[in-house]
Each structure stands twice: as C-alpha cells, then as structure tokens.
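One chain, chain A, appears in both complexes that follow, with chain B as partner in the first and chain C in the second.
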Partner chain A sequence: MFLNRKLYDIFLVRTSSTKAYKSKWKSVVGLEVHAQIQSQSKLFSAAGTRFASGVNQNVSLFDAATPGTLPVLNKRCVEAGVLTALALNCRVNAVSMFDRKHYFYSDLPAGYQITQQRSPLANDGLLEFHVYTPGVHKTPYVKKSKIKQIQLEQDSGKSLHDDDRSLVDLNRAGIPLMEIVFEPDLGDGEEAAALIKELVVILQRLNTCSCKMEEGALRVDANVSIHKPNDSLGVRTEIKNIGSVRAVAGAITYEIKRQIAVLERGGTITNETRSWNSISKVTVPMRDKEEKQDYRYMPEPNLPPLYLAIGPSNWGCLNVDNLKASIPELPNETRNRLKNDYNLTPEQAVILVNESKLLDIFNETVLRMKLNAKLMANILINDFLSLIHKEKKVLEDITIPVEFLAETVMLLQKSAINRKTAQLLLKEMLSLPKDTPSEIVRSRGWYQITNEEELRTICKTVIKENPKILNQYLNGKLIVFDAFLGKIVAKSEGKADMSQVPSILKEVLKELKK
Partner chain B sequence: MQYQMIFHCIKVNIRNNLRNFSTTPKEVLTKKRLVPLRPVSSKIDRSKLPARTKIDANTIEHLERLSLVDCANKQGIQTLEDAIAFADQILQVDTEGIEPLVTVLEDRPLQVRDDKVEEGNCIKEILSNAAVTEDKYFVAPPGNIPLEPRENLLHEEKDN
Partner chain C sequence: MNTILSSNIRIASKLLQDFSITSTDLSNACLKRANDTKKFNAFITITKSEADHQAQESSQRYQNGKQLSELDGITIAMKDNFCTANIRTTCASKMLENFIPAYNATVYEKLRQSGAVLIGKCNLDQFAMGSGTVDSLYGPTKNMWQFLNDDFYITGGSSGGCAVAVATGACFAAVGSDSGGSTRNPASYCGLVGLKPTYGLVSRLGLIPLVNSMDVPGILTRCVDDCVSVLNAVAGPDPKDSTCFARPYKKISLPSGDKLSIKGLKVGIPVEYYCNDMGDEVLHTWNEVAQLLEDNGAIVKEISLPNTEYSIVCYSILNQCEVASNMARYDGIEFGYRAHENASTEKLYASSRSVGFNEVVRNRILAGNYFLLNRNYDKYFNQALKVRRLIVNDFDKAWEEVQVLLTPTTLTTAPKYKDFIRKTNRDQTAIQDFCTQPANMSGVPAVTIPIKLSTDGMPLSLQIIGRNLSEPMILALAKFIESNVNFPQYLKITDNK
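This part shows the complex of A and B:
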C-alpha cells in the first residue's frame, strides 16, 4: 500500500503539466546557507582546517571537548563574517553574543554547538541578483532577497555509520561557519539557484569562502511551501544539505511539484525535513525526530560579548569601517561596468560574471591588447565556452594561455581569419596548446582570403563547376544564390572572407546575365 | 541519577551556607557587614510565590530523554519539584528595566587570536580519552536511537 502510494506520487509529479499549476498555486522558497569560512585554523581552537587531512588530525583538546579547555575566538573568522555581511548590505552589530545550542549527537562531543542565537553578527541585509538560465529564461531579470541574519557558528564532526555503531572523525568539529539566513522571498528553484550562484561569486571575490560545494564548504537548506494566491502561506517542508547549484534548482522544482500533487489529490503537507537524492531526482523524508527538538539555548558563559568598532574608534576587536574600505568590486558592479564601459549585453555580462575564469581572461586582455570587447565576449561565450561544454571539459582545467585566446580574437579582428577558422583554432588549442594561433594559421595556410581578385576567381570557378545551379539562377530562381555561397565556403576550405563574397558574387552573376 | 545528585548537592550547600552564616560573623570585622550576625527570617513573601510546579509523567519522560538520566521515580520528581520551588523565589526580585547579566566580563571586549595553526596533530592524546576506538576513529553507538519507552515509569527505586 505504502509503495503504491509512493508510485502514485511520482506518477502524478511526472505527469502534472507545468503550465496548469502555475496559475493556481504560488510557491514560496527561503534559503539558509552554511558557508565555511576560509581560514587556517578553527573558529575557537588553533587546530588546522585543511580538507582531506588524516582522520582526527585536525583536532585540538578543545575540539574533543576535553574538560578544562576554553574557546578562543579566531579574529580572521570575525573579519570574514563582517566582510560578508557588508557585501550583503547587512547592518553589522556593534555587540553580538554567542550561545550554546544543545543537541545530543556523537559527532558533537561537547553536547552543544556554539552559535549566535540572541544577537547575531549582522542583520537585515539585501542581495540583488540576476536570474538567467539559458534555455529556461529568455532574458535576465533582477530579483531581490532580504537577509534576516548572519551568524558565526561551529560545524560538527563527521560520523560514518556502520550497522551497529558510528565511526567519528572530529576534523570538521569546530570548523568556522557563517550561517546566512534569507527571508522566504523567492518563487522557484531557478531563482534559488541564481541566488546561490551570485552568493558564490560574492564569497569567492571576498575570499571568505571557497564555495567548493563538493567539499561541503557551502551547504544549502531550502524551505518550500505552496499556497493559493490571496491565501496565507502553506505548511513548509525543509530540504536539508543540498550539495550543488543545479541540485538546488532540481530539488526545489521537484518539491514544489510534489506538494502540488499532494494537495491536488486532497492530501496534506506535513512539516518535515526531507533530503534530495541527486541520482533518482526526488526528495524523500528523512528519518525524523519524533518530537520537536528542544535546543535549550543558553548564553555561552565562556565568551564575553563580541565588540566591533564602527566609526573612528579602536574599541572592539576590529574596525568595521576599515574593512568596508577593503571590499573588492562586487559582481553587480562588474556587470554594470561590463554593460556601461564595454557595451556588452545583459546576458553577456551575467554569463561572464558567473564564469569567473572567462571574466579573468576578459579583464586581462581587452584593455591591454586593445581588443574589440564585444567580439572578445562573443568568442569567449559563444565559441570558447560552448566548445568546452561540447568537449565535456571543465573551464578550470583549461591550460590555453590567455595570450593565445587574445591573439585568436586579434586575428579575427584584423580579418586575417574568419569566425569558422577561429573556432577551428580554439579546438586545435584545446587539444594541444603548444603553437600560437598565428603559427597554426601560418603552418596550415588558414589565412582568410581577403584579396578581391582572388575571391572573384573563386566565385568564377565555382560558377563554372556548377552549370545547373547557374541555369536555375539565370531562370529567375534567385534563392540558389545561397547554394553558391555554400559552395564557395567549401571550395575555399572555409577561408574566403564571407563578408566580401556576396557582393563580389552578385557582380560576377550580373555580368553573366548580360 | 545525576539529576538527583545535583539536587541533593544544592540542598546540602544551602544547609552548609546557613551554618556558615551562624558561625562565622565573629571573625568578620568590617563595618559593611554583608552577612548578618544572626540568622534572619526570609523576606520572601510566600503568598506571592507561584503555585508549586507539578511534574507530570510526560515531562519527566521528556527530561529523561534529554538527559539520558534515570530520574523518573517519585523521589526524583520530589527533588525536581523542590528545586523548582526553591528557584521560584528569585521571581520576587525586582528586575524592572534591568538588562540581564550574562557574564561579569560583559563590559570588556572579547579577546581574539590570530589565525594560526598551533594545535591539533595530537591524535594519541585525543583518542586516549575514548573508551572504544578503531583505526584512528572514535567508536560511538549508532546514530540517534530513539529511547525505548519505559514501562515502569515513575517506578520506586528499590535502593531508596
């Protein structure tokens, strides 16, 4: 019976059409993000944080909750938290406090986590971002999500579950986290994924989090509910620990459809915690605590309040205004710069900012080598990026020197080669980035034929070789003109300058008509 | 068990303190005497105290679950209720307009340290505190096992 019900669920979800529900149901999504602060040592102990260290090597006596040890706050973590808060337009609090949140679990040896519940590091932020998934959205649109609070807290250890016991590794215990709590301001999974993408770019710019989701450095929890327009919010479910940007979109989209299917057949949504199975692409309920957890929050007695200096003052462990001055260009500013200074389209600006490696190449070459910015952006996005996707490679692994890419665009810009050849060049360099583009072009004879006389000769040859098409053309079937163009591209092995060919071909044909 | 011990401790302490009050004054010669010479009767207005809190079976079960301490017996409940009644007296203190004091160090900035790795790599010491280990791991009972509901809730301890 249970199994049948489950299959029925899935069946409904798969068959319910996307369009039918859109008008009837409104979905509400709120995110909570745990971002690991990039630091050498832990939040309250001087043990290291290196990923993939030996089991229980990054553990100090404090991390193992040895009696008599005390927490000492890491200054770097406060800085990172404040920088992030400022970049997310939060109000940084001059005084914040630490609290104990109790729960009983073997990878949390103290029996409580030190977090900030009563007065967190920062409140009331706002993140503005562009939602644009090529293939889903035609054009980018701007979305805003408010931030309720940012707090510093410890991560817990890791348990490997055997049949009848758990193996506990405390390397993660005490790793510094920033929890960023967003208000439920989002409407669907794509918006949530776009928010996370923007957050990743910001945190990476600030150097406050590596955002390596595969290492667990950034974890996303999503609260999802649906309701009818004008009704109050529905019962929400929470999807825990989503581990990639695409999974954020996938899990939330699935969960919205699942809730709609449940309500449409007269069921009810229970307030529960679910997890996303990225292989079978479904959310499933997690084995739940049978009653609401009582965390027994209490002030952390071993840590006095955290004071931050705001304005011209040295009171407190660091000065917020000094940090503010050190914030680098943020993605929104970059997008505006790309649009205003280089006349790029919003789509190009969004893609370049999301693909930081492409942006680096762009920034490094355009001004220095006096490249046509629009052309460079076009080549990087439409040719280079799509080629990499097609070859199933990852941008981060590409070893082509930026000079090579710039030179390719330069050749194109000078009309020494055409677009087709540029694509061949990129492909060539992708497999073996050894020769410079100019060398490849020279050794292969790939220079574009731009000489008018040469082009005229090719046109004449092609016409002579294709009397049938010529006849059709002369009999008024003008559409075969394009067939000639195709033949010319083939004849010249893609080297003919196709910006000149049509007018030359027209002239040649005109003469023949007479 | 632990619960009971704590509560007994409190009681014992109170008695000790009372005894101290009555025996030590002679030794204290300061003019501002904080400790009265003779025992004084309590200023607590018993009529203003809230009604004695009754611990029901569900609550004691919940507490057992949280603490994993066996305290759901008549003696345990009595001790707990006594402790709550004792703590209720503090409600008579006038705290109007006063911020709660969390720490006596609250007017001092929290000390921070530089981000340097100076600890860790002491797996031998860490694991020496563990009852069971394997291959550098701590070994713990499997994940959150729900506590079996007890049949003899509110049992009488035989030892008492």
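This part shows the complex of A and C:
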C-alpha cells in the first residue's frame, strides 16, 4: 500500500507539466534548521562531542539518564547561540527558560528532551540573502526571511535496528543544538537552498557550527504548502532531516510539484511528515509519527532561568554586547565589499562568498599579493571552479597551493601567457606538480608570442597555407577573418597573443589586397 | 558502648580523639545494633563491608593524628534514594532493585570526605512517594516506641527507615529527603530532630528525584547539635547542581542551651495551621511551647498564611507532573528492571514499567501525564504554579511581621498501621503533609523538634519555620526548646530498662 502510493505519486508528477500551473498556484516554504553547536563538551554534561568516536564512548552518566544526575548548562553553547542570534539580527532575550519535551524512544534515555519551547534564547530575526543558482537564475536577487526563534536543545541518540534486535548509540545524545525556526517566507526550493547556503557561511564564519551536513551537523526540515493566489495558506507537509543543500532544493521542488499534482486531480493534502529519498529523488510519508504526539511540555525544574547581561552589566551567564563586538564580517558585508571595492559583479560576489575556499584565495592573493582583483575573480570562478566541476571534484577536497594560483594569474597579468595557457596550468595544478607555473611554462615553451614580427610571420604563413580562405576574403567575404584567427591559434599552439593578432592580420591582408 | 550509641556526636568524637574507643569499635557496635533491631526494618541494605573499610581508614587517621572533621568515624545512614557508588540504591522499588550507581550523591561524598562511616541504606516508601514508609518493596518500617505483636505504629515517611536507624542507635545521623515533609514527618513520629534545609542550600545531585523543585536532602538526628554538625558537613555550593546557591556556606556554631536567649524574638503562630483533624494533645503541646517562648521573652503573635489549605492540592498536581516526567527514564533500556519482552520496544517499556513500579507510582504517573497534556496544562499545572506563588507570597508577608513560625509538625502522634492503611496513599499524604508541605512549596527551611510523649507514650513534636537561609536562627530556637523541654529520648529509656 505504502509502496503503491509512492509509485503513484511519482507517476503523477512525471506526467504533469508544472509550467502550466505556474500562474495558478503559489507555493510557501518555511524552514527549521537544527545546527549542532561546535563545542568541546555536550550541552548539559562534560562528555566529549567528537564525531567519529567509538560507539557509546562520549556518554556521561547524565547522558544515559542515570537516576539522580543533573544538567549543568555549558556556557560555550550559550555563547554560540547568542552569537548566531545576533548575526541573524534576532532580539536576544535577557531571560530564557528550558522545558522538557516528553516522548518515549529508545535513543532518548530520559524520556524527554530538554529544549526551549516556551521562552527561547532569541526571537524575531531577519536573514537577508541572495538567490542565485547559475543555470536557474540569470541574475542574483535579494530575498528576506524572518526568524521566529532560536532555541538551545539537546540532540537525541541514535538507534540501529536489526531484524531481531535494536542497538542504541548515545554518543549524539545531549550534543548541543541550535534550532533556528524561520517564518514561511520562501517561495520555492531554490530560495530555500540559497537561505541554507547563506546560513552555512554565517555559522562557519562565527565558528558556531561546522555545518558538515554529511555528518548531520546541520539538518533541515522544510514545511511546504501551496495555495491559489488570494486564498489562505494550504495544508502543509513537513519534510524531515534533509541532508544537503542541493537536497533542500530538490526535495522542496519535488514536494511542490507533488502537491500541485494531488490537488489538480481533486485530491487533498494531508498534514504529514515526509522524508526525502535522495536516490530516487522523491519525498515519501514517514511510517512513524502517524499519531499526533502530545509532548506534555513542562518547565525543566533542574535548571534555573538563563539570564544574559545586556548593556553595561556583568550579571548573568554572559554579556551580549561584549559578544556583539566580536562578530566577524558577515557575508552580506563581504559581498558589498567585493562589489564596491573591487568592482566585481553581483554574481561574482555571490559565488565567492558561497565558496569560502575561493574567497580565502581571493583575499590572500588580492589583499596580500596585490594581484588584479577582477582578473583573479574571473580566473577563480570562470576557469578554476568550472574546471573542478568538469573534473567532478569537490572544492573542499582540493589542496590548492595559493602560490601556484597567484603565479599563474601573475603570468597572465603580465601577458607572459594567455588565458588558454592559464587554463592548461590550472589543469596541471590538479595533479600537484613539483614545478612552479613559470618553470612549467618555460619547460614546455608555453610563453605567449608577443613579438610583433613573430606574430606577423605566423599570420603570413597561415594565409599562405590557406589560399581558399584568402580567395573568399579577397572576394569580399569578410566573415572568414575569424577562420584565419582560429588557424592562427592552432598554428601557434595557443601561444599567440590574440590581443595583438587581429590588427596585425588586418594589416597583412590589407597589403595583399593591394 | 551502649551509652556511647545513645550519646551525641560531640561525645563520640571526643572519645575517638582521646582513643577511648576506635572508629572500628563504634562501627561494629552500630552494625550490631542494626542487626539487633532488624524487626523494625529500618535498613534495606546494611553496608557492612563499606562500614568495616571506612571505619578502619578512620581509625588509621586518628592514629596518625589526621582526623578529617568532628564527623570522622561517626556512623551515618542514607535513605536508599541517594546514589552510593558500588552500593545498590533501590528506592525501595522493583524497578531499581538491582541498580548499582557508578557515582556518589554529593551529600554522601561530602560526608565521606568528613570521615563519616556508612552503616546502611534505609527503607522508604517506593521512590519516596508516601508518608508512612509502608509502601516499600521491602515491607513497612515499624515504629520502635510502642512495638506491638499484632499491629504496630508507623514511623511516618517517607524517610521512616532513617528515623528508626537514628532513634535505635544504629547510627548518629541519617540523611533523608524531604519534598513535602518526608524527613520531618518520621522525625516527628519517632521523637527526633528533623531538618529540612532551605532549597538550594544542600546539593541534590545523586538524590533520585521525586519533585525536583521541592526536594531537599533532610537531616535526622537525636539532638540539635548533631543536626548542626551534619549540616555543616553537607551544605554549600555544588557546581553539579545548578539549583544550588553559589554563595559559600558559612558554618553554623550554636552556643550551649543555657546561654541561648530568645528575648525579643518575634514568633508567629499561623492560625491556618490549626485544622479539624488536629489532635488535642498536639494542640496543647503547641500552646504550651508558645507559652514557654513567651515566658522567656519572645514576642508571640498570631499571624495569617491564608493560602495554606491550598498547598496540598497544589502540591498534588506539581508532584504528579514532575513524577510523570522524572519516571519517564525508567524504560528498562539503560538501567533498572527490564521485562522479558521482545515483541516491540513499546511493549518492553509497558511491561517493564507496570512490573517495576507499584500502584502508587503508576497512579501518579498517569495523573501527571493527564495534567501535562497540552489541553490541560493551563488548567492544572499553570494554575498550580500560580497557587504556589500565592503560598510563597504568604510566607514573604509573614516575614514582615515575625522572624520564625511555630507550628505542629504532624496533626497527631504516629498512627497504627491498620488505621493508617485504611486511607489511600493519596489521602494520607494530604493529612500527613498538612503542616510540613507549605515549607517545601516556598523553599524555606523548617526543623521539627520533639517536645514530650503523649498519654499513650508516643512522641509529640513541633515545627519551626524560618525565612530562606535562616538555619542558624531556627536551629538556635530548636536548641533552646530542646534544652527546656527535656524530651525523654527513646534510647535513654531503653538503656535504663
């Protein structure tokens, strides 16, 4: 039954064209993000947090809910939560409280999770970000999403189910989380993915979350609904635990299409929890949680209210204003700096900020080595990044010798090589050569031919070798000029300085006309 | 040696210091006493090997002139809801029948660091839910004052085992817990001093919780000075308990009884503590002591704590909600009783919990979960919190007029078992905790002090309540009363027989 329905959904989606509905339906998306706080120890215990530790190695008595143990709030987690809240323009609350959220599950040893339901750490934030997916959007546009609240809470453990037994690993139990609840301000999957990308950059800059989605350090739940313009919001479904930025876009896009298809055939959307299958690229209903849970929230009696000092006071867990002063440059500021100070395009600014590794190289080479910013940005984005995508590699995995990149761009900047050669050098770089770019260029004779006489000789040779084209040109078919240029590139093995060649070629042809 | 067991910590400590006895002698005598009084069922576990080991270490320290404190070598007992490393901690329940904690409760750890010697773990109502020490997996604890063959007087509870252990001389002091009167009630019925310290003064780490927001470790001793000695050892900040005061604790030191003056002390008699169920002898005792205080220069006046009567129903809701929550961890997975059930995880929980808990516990879990349902939260839990605030306000107002309150501890002397169990656990709690419960609601300290014996030979006791952290004052007043009323100690009477 479960399987049949799934197939039916797929069938429906594949056979209906969404474009036709574009004007008829409006989709609304809201996100909830669980971000693991980067800290040495857990939220309420002294147990460690290292990701790849042995099973049940990071477990204190408290994490196992041993009777009589008590929670002690980890100050570092409060600090991370406040920093994040400030960076997301939230109102940080001077007093917040912890609640118990009850449900029975084998990887939740206490039978409740300590969270901040009724009185969270921070409220009413706003995140402004750029939506730009090359290939989907022509130019970036600015989008804003309000943040309802940010709360601190414990992660649960993990259950492993076998045929005849279940095993529990409590390493994750009690790991600190920030839950960031966004208002349903988004319109589609690409906007959601862009929001997450922006959030990742912010959290990484603040060093409050590693954002390693593959380790579950950042998990996204998406609430999706559709409605007709001027109607009230439709019934929403929730997609749980989406594990990558692209999956956020994929899952939401799929879910919107699915809901449209269901309503178009006269069906109804049920308020349910679904999961994203990243292999078959569909959302499917989750088996458990069929019954509506009553979590029986209760104030956590073992933790006093969390007091924060705001203004010139040192009373409370920590001072919010002192933390505010320590916030590093945030992505929006970086984008503005890139556009204003270096004259980069909005697209370039967005891409550099999203690819922190490229931005590091950019900063290193442009600020320190004084290389041409525009040229550097072009090379990094148009040549280097596309090369990595073409080679199906991941930017983060590549150990980039900054000096190599810098030298390559320097050679280009001095016109010692041309763009084509620069691309060859970048490709060389992926195989981690021992030689410097200059040495490679020298040993392979890749220097650009800039000498005018030399270029003139090449032009003459090419014309001589292609009498047919010459005839056409002389008979007034001027378009074949480009054909000569191509032949010249080939003849010079890509080394001819193509900024000089056209004028020289014109002169040579002019002489022949006479 | 029997005289020493009936004496107090100061005398025993002096005898240890001048080598009249050794810690091992004292420990052995107490272990023997614990064995000889088994019929009262004070102990769930007698920790002989720990006592032997700890006493030997203590003897060694005395020989080396390295006494840790006045408690070095002094015998103690712990209620069996305090975690003790490598010693089973049962909460008198099937659920934790075989639970051996891997850590020490802070209170026990501090007593160990003072050199005290653990004789055993004491009986209680299952998970401290009760006021009689009758609902225990290990059977009821019996009051030693009048021991009958066909029936017995209850000890009160839930720290009844502690009370009997101290009263019979198996130890000098016992640490119980007090959420609604569980230390003061049995102390009162057994003729002991019972202190409920200010909430937050003594760490709760390792105390298996009943009502986290009201639980405090309590102290049961035969005299006020012993109570002060133990409090001085266990009170103070604990970084592992976030509800503890962070301020350092200042040790209490009381002058001798004849040097205490209560001249000008403002003592309140809260009129609402008088109720229909109160026994005549209790009422008379209350009046007599009020008169005694006035005769000695105190200013005694009636005052009003108008919300007293709502304390019990408010407590009942908050108690059951916290119980429902606290008990959620007993699912048979990480520790505790696990049923033989493989059908599903849910079934494993269900059968582990229905076998592991008694009916009282199960009832409270059910009621608590009902109160906490989203649709009921405001109606019950939130409402109870508001009532709690009113009760706290009552006390705050009282402190504008008086310094301490004098009240009965219990409405009667200890009931007989057969009479006691005619009412349900819930109804009994409502009666038994009437005078003790409001102090837990507001967190203030309270001490019960035995005054005299009733006509049928059972102890009559009164309670002194003070404002937060007023332990020095209420204990001083308790000591003043103690030295004036000359309560006939159970051990003194039996020793003379």
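Here, the second predicted complex is superposed on the first by the 500 of 514 C-alpha atoms of A that agree within 3 Å, B and C clash if a C-alpha of one lies under 4 Å from a C-alpha of the other, contacts with A are read in each partner's own complex, and residues count from 1 in each chain.
The definition used in the following text is that a residue touches a chain if its C-beta (ideal position, glycine included) is under 8 Å from a C-beta of that chain, and two chains touch if they have at least 3 such contacts.
Fair warning: this is a prediction, and the values are worked out from it, not measured in the lab.
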Quick check on the superposition: with chain A as the shared anchor, is it clash or fit for chain B versus chain C?
clash
With both complexes superposed on chain A, which partner does A:Thr66 reach: first (chain B), second (chain C), both or neither?
both
Name the contact category of A:Leu512: first (chain B only), second (chain C only), both, or neither.
neither
Touching A:Asp294 in the superposition: chain B (first), chain C (second), both, neither?
both
Does chain B (first) or chain C (second) touch A:Leu303, or do both, or does neither?
both
Regarding the shared-chain residue A:Leu126, is it in contact with chain B (first), chain C (second), both, or neither?
neither
For A:Arg100 in the superposed arrangement: first (chain B), second (chain C), both or neither?
second
I'd like to know which partner A:Tyr112 touches here: chain B for first, chain C for second, both or neither.
second
Contact-wise, after the overlay, does A:Val136 reach chain B, chain C, both or neither (first, second, both, neither)?
neither
Tell me which touches more residues of chain A here: chain C or chain B.
B
Out of 40-48, 112-120, 148-156 or 274-282, where does chain C collide with chain B after the chain A superposition?
274-282
Find the residues of chain A that appear in the contact set with chain B and again in the contact set with chain C.
61, 64, 66, 72-73, 104, 106, 164, 166, 168, 294, 296, 301, 303-304
As the complex stands, chain C meets chain A at residues 82-83, 89, 91, 96, 99, 101-103, 105, 204-209, 211-213, 239-243, 321-322, 324-325, 327-329, 331, 333-335, 342, 345-346, 349, 369, 372-374, 377, 381
Complex contacts: residues of chain B adjacent to chain A
62, 66, 68, 102-103, 105-106, 108-123, 125-127, 129, 134-144, 146
Residue numbers on chain A that touch chain C, as the complex places them
61, 64-73, 100, 102, 104, 106, 109-112, 164, 166, 168, 294-298, 301-304
Residue positions on chain A within touch of chain B in the complex are 39-41, 45-48, 54-64, 66, 72-78, 97, 104-107, 159-170, 289-291, 294, 296, 299, 301, 303-307, 315-318
